[in-house]
Each structure stands twice: as C-alpha cells, then as structure tokens.
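What follows is subunit A paired twice: with subunit B in the first complex and subunit C in the second.
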Partner chain A sequence: MEEKTEKLKNEARKLLEKGQVCRIVGFEPGSLKFTTTPLITGEKDELDRLVINPFIVNNLSVYLTGLKGCVAVVAKGCDSRSIVSLIQDNKVNREDVVILGIPCSGIVDLSKIEYLVGKDRDELDDITVANNSITVTVGGEKREFTKSKVLFDNCLGCELPTPREYDILIGEQVAPSPALESGKLKELKDMPPEERWRFWKEEFSRCIRCYACRNVCPACFCNRCFVEETEPQWLLPTPHWQDNLLFQVTRTIHVAGRCTECGECQRACPVGIPLRSMTREMYDLAGELFHYKAGMDKDEEPLLTAYEVEEAENFFG
Partner chain B sequence: MEPKTDWEPRVVGFLCKWCSYAGADLAGTSRKKYPANIRIIRVPCSGRVDPLFILRALRLGFDGVLVSGCHPGDCHYQTGNYRARRRFAITRKILEGMGVEPQRVQASWVSASEGGKFVEVVTGMIDEIKKLGPNELFTDGRKNRKTEK
Partner chain C sequence: MTVKKIAKKELARLLDEWSRQFSVLVPSVETGVAQMTGWQGEDTSFVDWYRNTILPPKDAILPVMEEMFSFSKNEDGYRLEMSPPDSGRQLIFGIRPCDARALAMLDVVFKQDYEDTYYMRRRLNTVLVGIGCTNPYDSCFCTSLSSGPSDTAGLDLMLTDIGDEFVIEAVTEAGRELLDKSQGMRPATADDEARARESRDIANQRVTQNVDVKKMPDRLLAAFDNEEYWRKIAAKCISCGICTLLCPTCYCFDINDEVSDNRGARYRSLDSCAFCIYTKMPVENPREEKWQRVRNRVCHKYEFYPRLFDTIACTGCGRCIRLCPVNWDITRTLNSIPGQ
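Take a look at the complex of A and B:
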C-alpha cells in the first residue's frame, strides 16, 4: 500500500509538472479513523496528502462531468467502468482524462467490521488486509475474518478488479474474484409478488428524498433531473412513499446500461435503503435480455441507444 | 382481491400517431366494437414513451398501460420502435421484479391497417385486467385524491 501511495504521488507530481493535467482527483485520509475522503487539487504541495489503501471507497468518476477535462483521476476497477460509460455517452472525452488505474482487491466495509467486533472504528487499533483474510487489532487482541465477511457487497462478485481502461497502472493486476454474493436480491426473488411490493413500499416509506443517491451516482448526469421538472410535475416533491418509489424506479431505468453496480447510491443513502437490490436486478436484466454489461468497452453503443432488429420479441404482442 | 361488481378498469394507451393511432381510428370508422375502458394518448412515435409515463399512469391509479407502435421495420423515424422495445422490456421486467403484475403493462405492434388487431389487443388486455382487479399498488388504504371520484 505504501508503495502504491508513493508511486501515485510520483506520477501525480509528474503530470502536474509537465502540465499534462490541471488537477488530480484522488483520496486523502478522512476525519474518522481509517476512512478516506476525496481530494481534488492542482497544488503540487498538496499531493503528499494522497493515499491508496483498502478504504478508498468513493467512485470519483462522479466529478468528471463537472470538471470538464484536464484531470487525472484515481480509478479502481469499478470506477474505471463508470468512466468508460461516461465516455460511451460522450460526457467525457477519453483524451481529456488521465486514468490512474488501481488494481483493487476489494474495499473494506468499516460498518461490517464495527458490527462484527462490536466496537466503533475509532476504537480499533489496526486493520491489515492479506490475500484472503483481514486482521483487526482491538485492545492488543487480533481477530481474523474472511474477506467475504468484511468487504463491501458489491466487491464480492467484482468482474473487473483491474481497470481495463487506464493510462498509468498503480500496482499489479488482480484477477476477478468468484461471485460470493448472496444477500437481499436472492431473498427478494423468492418472495411472492405482493410481498416484494410490500417490501419496497416499506423501504421507501423511510426515504427522505435527500437525492444523495442521485447526486453521488456517476451515471446520473442530467443537468435537470425529471424530479425537478414542474411542467409537468412528474412527482410530488414531498417524500410520500409512492413518489419516493416512483423516483427510484425511474432513476434505475434511466441509468440502465450506465450503472456499473459501484454501490455508491446504497452507501450514500442515509436511511439504509438497499438500493443495490434494484440496481443489481437492472444490471442482470441488461445482461439477460441484451447481453450488455455497462462500462466494459468504450467503443460500444450505450444500451438504450443500441438495438438489434431481432431481440426481446416476446415483449410486444 | 375482492372482485368489485361496479368496477370497470381504466387503461391508458400510448399510441403512435403513424400506425397504432390510425389503427384505432380505423377500428372506429369500420364500426368495430372495443371496450371503452381505454383512454388513448397520441404520441409521435412509440419511441416517445418515457418509462416515466408508464409509472406515472400506474401511480395515478390507472389499472393498466398499453404502449403501441409501428411494426419493426415500419417506424416512421426508422428506429424509434426498436429503442422503445428495449426501454419497454427493461421497464416491464423491473416492475415485475418489484411485484407489479406484468399484465398491467403491455405493448403491441399495430399498423394503420390493423383495426381488427387493435380491437383484439385492447379486448384481451381489458379481460386480463378485469381478472386481476383494480390497481391498488399505490393506494395505501387512502383514496387517491386526483383520480378517484
């Protein structure tokens, strides 16, 4: 990790010195122990704050549409797919970004660790990540967990840990991990329809319509979102579950084929709605119906622009 | 669900003006009978139908939504219906995954000369929805102010 951080700092410095980019988008340590927070800087003396570690959770590609080029961005495998998807949609020019690719062996979900050891992150002494396990030191005592217990859910079936699209790779290639995920989605599939609807109704009764899910999503790049339209007003601005649900389903459909399953929406949600159960379903649908995987190939036509003359024929009578 | 005797389904139909709308018109001018439960909204092309239209109709309490456009290869704008098909397919599937009865969300290809097919499609859909009963997805036990009298 130290090595990678050093390499990143060097590369970032070179890029700024050569004037190849105006800004670097990366991570620096956050205010809470172990956490990281995005760093956007054009100052060479701030580059020392950059870090790479197993806690660099955010998908920084969300900043690219706003920054409008001349940037170098740190991207894990999943983030690189979001960038590719933005390139496919002509939101980002490939020549305008330098992708600092990070081969990733999974990002640690601190909430899972807190839950497992029953302590707050501030009370933990150390977390070390090995090949298949993670060791947490608390009060001098070491506890070991398998990775599948403490990584973020969306890391567990990661299809592209090493970015395919990059300019500079920081570290060694990592092979995709076999799908370890079970979780909510399967449970939902086994429920009868009425129960599934009740499940979502209850979940969306908690939604406070903060729009964090939308704002953090790199695939949600519209200048004006349908939720803010007033003529017509598609949904009520007040958080009734009906409109909350309408909002989220429509959002999921609008990002179909762009959503790379990075999991940011679910992490951003302050009331813990399992949004990935919805995005995952859409991701799988794109695969099943149209053999499409978001953000894999920058030259591919986007899911909702492309078509085949013969496909999905059973949907139209 | 209690089958209500005085209940009649209300279905919105988004019909492409070049084919299906003309098909519906032909059904009318040739004095074919089809259920009056369908409320037709004319759209310039099936490709105009944003999934949001479908969701919003269900949210307002409509019992079903029909999207209808030109047959593959016949779209006035060449590719509008192919794109509509992709969008419609994922919309219907994601709704089904959430527990919405798929019969409430249907689509068909109806050309301007297929007045008979239009009648069949609408009759079939209304029959299926009658079996399902009213759309209570968004009711929440309360009456929906906007749509229920």
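Take a look at the complex of A and C:
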C-alpha cells in the first residue's frame, strides 16, 4: 500500500508540475480513525497527504461533472466504470481527465466489522488487511476474519477490480472476484409480493430525504433532479414513505445502464436503507434484457439514450 | 438539589412506573436506525450499547414531518381543521447532554418573536432525563463548547453511571418532584457521589476533539468574504442534507400542501440550507453555489446565531462529522479559519 501511495504521489506531482492537470482528486486520511476523505487540490505541497489504503470508500468520479476538466482523478475499478459511463453520456470529455487507476482488492466495510466485533469504529485499536484475511485488534485482543466477511457487498462480486480505462495504473492488476454476493437481494426476491411491499414500506418510513444517496452517485448528474422541479411538482419534499419509495424507484430507473454498482448510495444512507438491493436488481435487469454492463466501454452507445430507428415502438404500448 | 440512586436492574420497573404518567421514549434500534422510540417494557439493554442516537431526540419535539392542518371543499365552501400536536406528556429517557442543550437553542427560535404552537406544545409537555456519557465518540467535541459529557444544562434529571447503579440528580424543580415521587430510589451516599464525580471526570477526559471557539463570530465575519478559502474547504462537500437534517440544533423547515381532489393537508418538514433549492419556493436561493451554502451552515451556527442569542448554535455532538459520507469535518474548518 505504501509503495502504491508513493507512486501515486509521484505521478500526481509530475502531472501538476508539467501543467497537464490543474487539480488532483484523490484521498487523504480522514479526521476519524480508519476513515479517508476526498482531497481535491491543485497545490503541490498538499500532495504528500494522498493515500491509498483499503478504506478509500468514496467514488470520486462524482466530482468530475462539477470540476469541468483539467483534472486527474484516483479511480478504483468501479469508479473507473462510473467515469466511462460519464464519458458515454458526454458529461465528461475523455481528454479532459487523467485517470489514475487503482487496482482494488476490495474496500473494508467498517459497519460489518462493527457488527462482528460488537464495537464501534472508534473503539477498535487496529485493522490490518492481508491478502485473504483481515485482523481486527480490539481491547488488546486480535480477531481474524476472512475478507469476504468484512468487505462491502458490492466488492464481493466485483467484475472489474482493475480499471480498464486509465492513463496511469498504480500497482499490479487484480483479478475479478468470484461472485460471493451475500443474499439480501435473493431474500427479497423470494418474498411474496405483499411481504416485500411491507419490507420496503418499513425501510422507506425512516427515509429523511437527505438525498445523500443521490448526491454521492456519479450517475445522478442531472443539473436539476426531478424532485426539485416545482412546476409541475412531481414529488413533494414531505417525507411520506410512499413519496420516499417513489423517489428511490424513479432514481433507480434513471440510473439504469449508468449505475456501475459502486454501492455508494447504500453506504451514504444515514438510516441504513438497503438501497443496493434496488440498484443491483436494475443492474441485473440491464444485463438480462439488454446484455449491457454499465461503464465497461467508453465507445459503446449508452443503454437508454441510444435509439435505433428500426426499434419497435410497442415498448410503450 | 436532591441526589438519589437506583440499581440498573431496577430501571425497567422505573420506566414502567413513569409510563403511567408519560409517554416514555428510550433509545432503540427498533425502526432500523438508532433513535428515541416508545418504551416497550423489559429491555433496558440500551444502557450497554447506546452511545448516542443517529436521529437526534429533537425529532420528538420538532419531527422530520408533521401535519399542521387539513382542508376540504364542498358546496358550502371551504373547511379548515387544525391538526394539533399530541398534547400528552412525554419523557425522553437517556437523552445525552449535547442533545438536551440543543433543545434550549431551538426554544429561543420557536418562542422568541412568535410562539410556535406545534413546537411549544410538545416542548412544554416534555421531561428530559439525561444519562451522562461514559464513552464519547472520537467525533464528539462538546468540551470545546462550554459543555461536556456530564453537563446538566437543559435537563430535568441527570443520571450518572457508577457501575451497577445510576446516581440520579434533580436539575430542575420538575425533576425534583418526579424524583421524589418515584419508587425504588435510595439516597446516594457520599461514596456514590464521589464515584459519580470520578465517572464524570473520566468521561470529560475522553473527549479529545478540540476547537478553539474564542471570538468565533468576529473571526468568521472577518473571513466571510474570503471566497478562495470557502471554495477550498467546500470542494468535497456533496450538498446532501445529512449534517443539517440530523443536527440537533438545525430547525429550518419547509411547508407544503398535499392536495387531491377536494381535500388536502398542509405539512411542514425539515429543510436544509445545504440544498440548492432551499428557499426556492418563495423567492430564489441566495446561495446558489456550494461554497456559499457550506459557509452559511458554519456561519449560522458560529456567527449569526451567537450574535443574536449569545450562544453558539452547536453542541459538539459530532453527528455531522461521523455521518458525513465524505468526512467533511466542521472542527477542521473552525480550526483553519484564515487570520487566526
């Protein structure tokens, strides 16, 4: 990790020095234990703060549409797919962004560790990540977990741990993981519809409409979200569960073919709604119905904005 | 004031007893997120796991959403029906000192120039029983704000954990009355009080985040026009509403009518100055750019509010830090204001 971090710092410095980019978007250590935080900087003396470790949770491509080019961005496999998707949608010009690709062996889901050891993040002494296992030290005692127990769900079946689209690759290629996805989606699909409806009613009853799910999502790039339209008002801001559900269903459909399964929506949700069950289903449907995987190829036509004249119109019928 | 004690194993019985006069709220994860919900009896295990809730207890007084009145239209004209808040008495058990202080800050807003019926009716019917923190988070910074994990300000009763028992101290007259009437209390001995003091001292030392808030309003005023600074610190903010909606001292709300056919209702729900459409309905959002909105959140709490009401509108609960998806840390900002 330290080797990768050093390489990243060097590459970032060169890019700034040569004037190839105006800003670097990467990670630096966060203010809290075991956290990282985005670092967006054009100052060379701040580059020493850059870091690569198994806690770099954010999908930094979310900043690209706002920064409008002249930027180098650190991207894990899933993040690189988001960038590709933004390129496909003409939201980002390929030549305006330098992709600093990070082959990724999975990101640690601190909430899983908290659950397994029964302690909060800030009560843990140490977390050491090895090839296949993670050792957590808490109260002086070491506990070892297989990686599949403590990585984010979306990392478990990651199809592209090493970015395919990049300018500089920081580190060795990582092979895709076998699908080890935990069973939340299957559990939901196996539920009778009434039960599933009750499940989502309960989940969305606690939504406070903070829109963190939308704002961390690189695929949610609309200048004005449909919930912000007031004439006509599609949806009231009052967080009734029905409206909350409708918001999320609409959002999920809007990002179909753009969502790369980075899992940021679920991670950001402060009230713990399993949003990835929705996005994953949409991702799978795009695959099943259209043989489409978002953000794999920048030259591919985007799924829902490309249209052939010959295409049947009974779709609406 | 009166100081008593109660064994932890007696707690369920005490809450049952209080439930006969109050609707008692306790910390729980029953809804899938840590928040104050109705006491269901028996299970007091929250005493062991609970550090603070994710949804602040202000929710019991200023809910995320509430109906204000309903209306309908028929041949005779319009009909309006008030939807008054439940006027029953409620007791919030286990509220943390930071969140209790926060309610005092909201009080000023909701009763100073105009008395808000919805807020005040709930507020006046609410008794606050706090438990001092023994295990503050690494994001807590209450001690920087003339407070601490055992601050009693704003509470009616304060509990201090001394192992198998709680020392209970009456803070207000209402608290004393409740304590005197409650069964199963024993007087606290000098030794108990000494242990409570020790417990408080340890907790105080465990708050490690530090912010220098001296002359904060003036320093922020001086930095107000430093656009470069605010742009820089705002760069990573994603403009979601977590830091504001889950803040115990934020009170902005929006009002909307829900109408279908000939009937409807008016709701108010929490709003956030982080949103780009904030105040868009009446006029325009004067803070179109993200850095202006970030500046507003910081300045509202640390400059405008203290100028108006002589106190900083932040209690250092740390929710905005630990729940932020990008770890945007207000303490870092406050400690880096230019010109310090």
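Quick note on the criterion: the second predicted complex is superposed on the first by the 304 of 317 C-alpha atoms of A that agree within 3 Å, B and C clash if a C-alpha of one lies under 4 Å from a C-alpha of the other, contacts with A are read in each partner's own complex, and residues count from 1 in each chain.
One rule holds for everything that comes next: a contact is a pair of C-beta atoms (placed from the backbone, for glycine too) under 8 Å apart; a residue touches a chain by one contact, two chains touch by 3 or more.
As the structure is a prediction and not an experimental result, all values here were calculated from the model.
**Student:** So in the superposed three-chain picture, is A:Pro239 touching just subunit B, just subunit C, both, or none of them (first/second/both/neither)?
**Tutor:** Only subunit C is touched by A:Pro239; subunit B is not.
**Student:** Please work out whether A:Asp120 is in contact with subunit B alone, subunit C alone, both, or neither, and reply first, second, both or neither.
**Tutor:** After superposing on A, A:Asp120 lies in contact with subunit C but is clear of subunit B.
**Student:** Based on the superposed arrangement, let me know which partner A:Cys210 touches: subunit B (first), subunit C (second), both, or neither?
**Tutor:** Once the two structures are laid over each other on A, A:Cys210 reaches subunit C alone.
**Student:** Tell me the contact category for A:Phe34 with respect to subunit B and subunit C: first, second, both or neither.
**Tutor:** neither
**Student:** Need the overlap of the two footprints on subunit A, from subunit B and from subunit C, as residue ranges.
**Tutor:** Shared contact residues on subunit A: none.
**Student:** Within their complex, state which residues of subunit B touch subunit A.
**Tutor:** The touching residues are 51-52, 55-56, 59, 72-73, 79, 82-83, 85-101, 106-109, 121, 124, 137-138, 140.
**Student:** In the complex of these two chains, what residues of subunit C are touching subunit A?
**Tutor:** Subunit C residues touching subunit A: 31-33, 51, 54-55, 64-65, 135, 137-139, 235-236, 238-242, 245-246, 254, 256, 258, 267, 269-272, 275-277, 280-281, 290, 321-323, 325-329, 331-332.
**Student:** In the complex of these two chains, what residues of subunit A are touching subunit C?
**Tutor:** Residues 30-33, 35-40, 58, 62-63, 66, 120, 122-123, 202-203, 205-206, 208-212, 214-216, 228, 230, 236-240, 264, 267-268, 270-273.
**Student:** Show me the residue ranges of subunit A that touch subunit B in the complex, using the header's touch definition.
**Tutor:** 188-189, 191, 193-200, 226, 234-235, 241-243, 246, 249-250, 252-254, 256, 278, 281-282, 285-286, 289-290, 303-309, 311-312, 315-317
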